[in-house]
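Chains: A, B and C, in written order; residue numbering restarts at 1 for each.
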Amino acid sequence: MNRNSQMNPDAVLSVQDVSKTFTLHLQGAQRLPVVDGLTFDVPRGACVVLGGESGSGKSSVMKMVYGSYGVDSGRILLAQDHGVLDLAAAQPRQVLAARRATMGYVSQFLRAVPRVAAIDVVAEPLVELGESREAAAERAGELLARLSIPERLWQLPPATFSGGERQRVNIARGFVRERALLLLDEPTASLDARNREVVIGLIRESLARGVGILAIFHDADVREAVADATVDVQRFAPAALVGAGA
Amino acid sequence: MSAPRIVYNEGYLDEQTKRVVRRALLKGVAIPGFQVPFASREVPMPRGWGTGGVQVTASVIGASDTLKVIDQGADDTTNAVSIRQFFEKVAGTDSTTRTDEATVIQTRHRIPETPLSDGQIIVYQVPIPEPLRFLEPRETETRRLHALEEYGLMYVKLYEDIARFGHFATTYDYPVLVNGRYVMAPSPIPSFDNAKMHQSPALQLFGAGREKRIYAIPPYTDVESLGFEDFPFEPQRFATPCEICGSEGVYLDEVVMDDRGTVMYACSDTDHCERTAAQKEAVL
Amino acid sequence: MNDEQPLLSVAGAGHSYGDAFGCRDVSFDLWPGEVLAIVGESGSGKSTLLGMLSQRLSIDEGTVRYRRSSAADTAELVDLSLLSEREVRGLWRTEWGYVHQNAMDGLRMQVSAGGNIGEPLMANGWRHYGRIREQAEQWLARVEIPADRIDDAPITFSGGMRQRLQIARNLVFGPRLVFMDEPTSGLDVSVQARLLDLIRSLVADLGLAVVIVTHDLAVARLISHRTLVMKDGAVIESGLTDRVLDDPQAAYTQLLVSSILQD
């Protein structure tokens, strides 16, 4: 918990003056800047969309918030039950605790753990919370059904599913447990119109319950349906640094 | 015939050696069940024939003693007779086959049926003094286990017996816990005899010559055979009495009578058998 | 249990082989329920570090401190090099487990599976055959070894099954900290997957802290929360596993990550 962190009480996430540059040591220490001075808030009950062209660093920003990428400077403040945490400076176990309690994440690709049945993949966040496997599985089943995953697939590991099916399992897992902040990275990329509608419905329900959402949407219609604000990541692109070993 | 060219010290061993053995014995008595290493000497028989027992006996025996030697309960086997004659010669002891008349009893693989009394010494011949040896071949490790009182391994062996046979498979040299502290190998006496070691009035001494270890159980010491709460130790039982003297509740030997496989069950303790049979005849 | 204090605290620790250091200046804290992966190639010092943490190798520099369960109220960490041999052996029976790379090193190959699992219990004073066997049965089920193998010796088991038996033997007495030395190496890929899955679920169910040495980054990604990357005896990068693997900062880590065969 950082004493100097100042955060808007209505925001669940506050990104403040974040900068990041990749250094590719294997390519002669070439530096690849991503963002500089990135600043935005995600208020409770609002959906903030990261905009910008492909390659502008939207996914990277998402990963920085989640903790999969480090940041070079700046603060990423998360409002938790017991106080504000600066994810950029936090210890690994604090980030892990924040992910369990406060941050949900639907990544672009489902990392399928071998041998675990789809229904258990989805139920896991609830089981982690202490719920019984039966109750968790029931809730998981409801979501899978809503996302049109046929019941005959529930006991199979998602490694064998189609891309769209895996994505829907991913989405179910992201929504099965309500957390204060939800990160969505292209959740509808491989979905048909019907399932896109289902996802829009899930998003709206969460927003109505006060969840703050940070999202990247490929589809314009989904964006239009749920976005409350857009952050153009390209506005925060640093002046490009050229050359090796700078 | 001229005078013998070699003059033996009383008891065969030189006095310094006797001191070494006695010190080891004192330490063994002070730490019941603990294996004390000692510098095992040459005696006129090969290793594996009771050299440890002989060294212990030689160190405690004197001209005023009466010695009984048994080999699997019998006084009259070649080895028992040889050892008895040896001590008659080098220590000037009297010999006897009667348990109640002996002051020192050297035994291989049996405890006499006649209860021992205060003032008697029984010396056991021990082949392998380490009860954990077959489970843990390293001496460095078994010494540590004894020192740290880590006997889980012993119970693993007992567990395996029950899992495999439904009961303990070891019927001789059955491990015991001495004075609530050291696990000890009682020598290959039948488990039937284990109970006799518990709270015995006699001094029990153990000698392993080849393995160079001495240990002891002082009189009136607790000796408990290992077991589980739900599978306690149970000694062997014999359903029939001795066919010679009619004794019950004694350890019986199976004696083959002829080529056709006829067997007879008789007391392994020859002294006990003779006396019981003689008593019966006297009554008749 | 005080969760503010770490379970294991390593500060500037190192082990030397004569003049050369096998590993040097290693520092990290480990909390209950955390899985820490130590990754590196051959000669990186990862095995030396594991050996030092588990007290098989001496701590020649720095300190390794551990919070014993007996210190639950005071939450005091004790310097492992100050413990007597009896105390350390006691820890191995009650609080620590060690899963060897080769199951043969961690099992009694001629003793039945039930006896192998029961031994730590018997070492801790369990004297009821029925209850010991019951625990063994439960653990065999938990590591997915068929119940009818309870009286078979592991010399008759496959490699994967031996490893699972080794895990059962190490968890039966409820340790808080388990060291694992490349537990999946040498096993077939499908067997590895199954074993890792088992480890994952046991760690989650039992709230174990684990220190696992591996050269395989995929293993680290699958089961660890945090990762230390070692090279030439030094820790060159550490942090959240997904951060270290997705956004490696050190040149060597980037090299390691880029060397993973892509499918």
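Some notes on this structure:
Keep this in mind: contacts are C-beta pairs under 8 Å (C-beta built on N, C-alpha and C of every residue); 3 or more make two chains touch, one makes a residue touch a chain.
Source: prediction; values computed, not measured.
When each chain is reduced to the mean of its CA atoms, the one lying nearest the mean of all protein CA atoms is C.
When chain centres are set by their Cα atoms, the one at the greatest distance from chain C is B.
Note: centroid distance chain B to chain C, computed from Cα atoms, is 47 Å. Distance between chain A and chain C, defined via averaged C-alpha coordinates, is recorded as 32 Å. Computed from the mean C-alpha positions, the centre of chain A lies at a distance of 77 Å from the centre of chain B.
Of all residues in chain C, none touches 2 or more other chains.
Residue positions of chain B touching 2 or more other chains: none.
Residue positions of chain A in touch with at least two other chains are not found. Chain C meets chain A in the complex at residues 31, 34, 193-194, 196-197, 200, 204, 222, 225-226, 239-240, 242-243, 246-247, 249-251, 254-255, 258. Remark: chain A residues 22-26, 63, 67-70, 92-93, 95-96, 113-116, 128 touch chain C in the complex. Interface of chain C with chain B (complex): residues 85-86, 89, 108, 111-112, 114-115, 118-120, 122-124, 127-130, 132-133, 150-151. Chain B meets chain C in the complex at residues 144, 148, 150, 152-153, 155-156, 159-160, 162-164, 228-231.
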